[in-house]
Amino acid sequence: MNKDIFVVVEQRAGHIQKVTYELIGEATKLARDLGEDVVAVLLGKDITKQAQTLVEYGAAKVLVVDNPVLEHYTTEPYTKAVHYIIKKFNPNIVLYGASSIGRDVAPRVAGRVHTGLTADCTGLAIDPETKLLMMTRPAFGGNIMATIVCRKYRPQMATVRPGVMAMPAREAGRKGEIIQVDAGLSPADMNVEILEVVKSAQKVVDITEAKILVSGGRGVGGAEGYNPLRALAKELGGEVSSSRIGVDSGWIEKNRQVGQTGKTVRPNLYLACGISGAIQHLAGMEDSEFIVAINKDETCPMMKLADLGVVGDLKLIVPKLTQAVADYHAKQKV
Amino acid sequence: MDFKLDKVHQLQQQLFRTFAETEIKPLAKDMDENEQYDLGLLKKMQKYGFLGIPYGKEYGGCGSDTLAYTLCMEEVSRVDASSGITISVHTSLACSCIANFGTEEQKQKFLRPLVDGSKIGCFGLTEPGAGSDVQGAQTVAVPDGDDYIITGNKIFTTNSGFADTFVVFALTDRTVPAAKGLTAFIVDRTMPGVQVSDNIERMGIRAASNCIVNYDNVRVSKDRILGQLNKGFKIAMGALDCGRIGIAAQSVGIAQGALNEAIKYAKERKQFGKPITAFQNTQFKIAELQTKIDAARLMTWRAALSEDAHEKFGPLAAMAKLFASDVANDVTRYAVQMMGGYGYCREYPVERMMRDAKITEIYEGTSEVMKIVISGSMKLK
Amino acid sequence: MKIIVCIKQVPDTAEVKLDPKTNTLIRDGVPSIINHDDKAGLETALKLREAHGGTVTVVCMGPPQADVALREALAMGADEAYLLSAREFGGSDTYATATIIATALKKIGFDLVITGRQAIDGDTAQVGPQIAEQLGVPQVSYVEEARVEGNSIIVKRQFEDSAQILKVKMPCLITALAELAEPRYMNVGGIVDAYQKEVKVIGFDDLKNSLNPEWIGINGSPTNVVKSFTKQAKVAGTLMKDLTPDQAVAAIMDKLIERHII
């Protein structure tokens, strides 16, 4: 009775976000296990022209709610539209990107529909016996993983962490159904007033908040030596940090020092360039999710700690790595 | 008899610990290096009630007790002994005189701004020629109509660099021993003739303000006399009894803070293939020192509870200070030793804690004076 | 203006233990704090009260030991506190939790509800919006600035790369980010006062006539945990040597892509 996997499209200012395609890709795999279809739910103003792209990434069908009141994201019109679609089309599963939009609209929809919602999933699978969606997600700041099901209520819903699921291939010219839906929206549905839309201002650097750190040590050799690291950090969307020697030598600011008398960091990636790994430094970063070390000395403590230790000259490797990442990003741009 | 803190005191301890770790600890090193207390930090402490803990709500205080005050002193002193003494001199020396001996009018006028976080107090008793021998005081207060004129020098007046209110002891009767001729006065910083020197350069608690105050014909009205004329000696001694509990708590804090730092370091520092804490001699030494700190803490709490029960707590306070100050010096010396060369570096806090610890055996009554007080209470003669 | 702040008491460390039978958390023995986002919400409420008058009521759903979180909120300056605690409430997922809290909030009454965006243990960020849905009031989440103007609240709503300034008529609900406000500490005297006040306990009997008992607790939760596991301990790393710079870059890129770091 409840059928198909719906992906609620994340669009900001008319641009469909990458997480949507990741979800379509993942939904395609799940749909295969269920023998069902992937349907994209596209909400916005003057948005219909984007629907074909969704088909090309794997949606069998796109349900479009194209209405002026959906021009900017606000909770109620979007909730109402998704709720209408769920009631009318009875999906088995609904997926959203776990963004600041997805994590605002999905719980409201779950409340209105009275169904279960699992937040920020990093893994989805169909249980071969029960055919239930198994939703795996981190809790306790990522120290525990939990697998969750929604047995009695439909649809089964999840918000999914961006950047975790694989991007599917795009098949230009692929055919799919694009259906306009009237969800009965009107300006009266706006229960908030948008006074202004602002672009984000630059935030002050706090290396303890960075998810990626490119860190330099003695091997960097001087203040200018950090420039290639900065370029790499910028390309990766991270920050630059340093062991103590860089700070003591005046090569970089103190608020970027990682270590026992500096800051303790736990980024997803700690890229240690020319850092030998004195105990006082390791104490500040040893809990990082993934540690890559580039150093000429294969016996140094940092190489022993690292998940991936590469023996080599950071001055040669770092600029090439920056270029490789830039090339990769360029290929990913849609 | 329950040695556990009740819920109120537990939550207060949590407040003091969190505040000390977050607000005071990051500033401690620089304040010590620059010999300058951070007045912004002081304002924060005033805002949250740290400077009026054991005084009643009817005067704008926190309505809490001496035990809570010792918890504050310990937690603060774990990270910065200078912050500890700043709070202690204000709370135990300056405020207690007015709270215990002031008229209702004086309490509303002078105690209230001190305990509600508006003003800071200090205590002018010690003179260049009168330390342990309080009776060697030479500062005089000469009557002049309805006023008194105070002339003299006080040394080592903590907080005087920025305090608003000075409780000063001066001779009003020079024909008798000082014990019978000393009077306590409440002086404002802004009164003409009050001259405060620069910070005296010291071995430790360098961030605390500690200056020579010269009273150059400072005119005070009669209503500024605290308690009765010529009855000031008792007020000073009573204040010092309170102060000693504060210093005992400060000592416990210095000791525990130093030991915690050293243990943290030693768990990570590997020599001869193991962390230093894996060696039994280190474990045994840590056990001995923690035992002593624990004993000092309980003695401090006992003195605090005795004060709150309005008993004669002087000898208990003296014992707590005597013991705790010795423990602080013992522990900090070992903390530096355990951290080796790094312990000697100013980058790490234990050398400062060792320098800070020394004064606890000296001020508010030397360890020798503590023994006079204790033996004096034991009917030995 | 009557403001209700919903707070959650959460464990402070990464040490977590699970009850193998129910797959819910064992909270005893782990130091607890008020969740960071919630505390920022409480600070905002206190500031709004200072500017506009009114009352700040704190509500917490939790086991009996959550009492100390409410005392802390009172010591920071909240006027009154409610603890929603009952055996029947235990094991609730976000929908069931929101059901219980919304029922209590309706009884207490409010102009503005402030919740934290996300708790650091559950990490769902779902309860705030689900409470708003059950209360039938507008919600704004990811709030990083807030002020009151007459009957409305004006907020800055954070998105990944932009923000909206929104005006919302009360009654409404906002979810607070930690950036919304730097929380004050407790006041020493405030702690003394906090323990002289009453923390009102709301149990199952107080609410059972106002909600559907089948929609709360483990059995009323639409979602259930089937498995919980800690992440694997760190495996020994790989050392690669004798590579050319290009080979080194390729090896690193492989890992970055595999781990979805880029």
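In order of appearance the chains are A, B and C, and numbering begins at 1 in each one.
Here is the rule we go by: a residue touches a chain if its C-beta (ideal position, glycine included) is under 8 Å from a C-beta of that chain, and two chains touch if they have at least 3 such contacts.
Since we're looking at a predicted model, the values are computed, not measured.
Central chain by Cα centroid: C, whose mean Cα position is closest to the mean of all protein Cα atoms.
Among the pairs A-C and A-B, the greater number of C-beta contacts is found at A-C. Chain geometry summary: the mean Cα position of chain B and that of chain C are 41 Å apart. Averaged Cα coordinates give chain A a centre that lies 22 Å from the centre of chain C. Note: centroid distance chain A to chain B, computed from Cα atoms, is 54 Å. None of the residues of chain A touches two or more other chains. For chain A in complex with chain C, the touching residues are 12-13, 72-76, 99-101, 103-104, 106-108, 110-112, 114-120, 134, 137-153, 163-164, 191-200, 212, 236, 268-269, 290-292, 294, 298, 303-313, 316-317, 320-321, 324-325, 328-329. Every residue of chain C that touches chain B in the complex is listed here, in rising order: 68, 71-72, 75, 184-195.
The residues of chain A lying in touch with chain B in their complex are 260-261, 279, 283. Per the touch definition, chain C reaches chain A in the complex via residues 11, 14, 16, 18, 23, 93-95, 98, 120-130, 132-134, 138-142, 154, 156, 158-169, 221-231, 234, 237-243, 245-246, 248-253, 255-257, 259-262. Per the touch definition, chain B reaches chain A in the complex via residues 268-270, 347-348.
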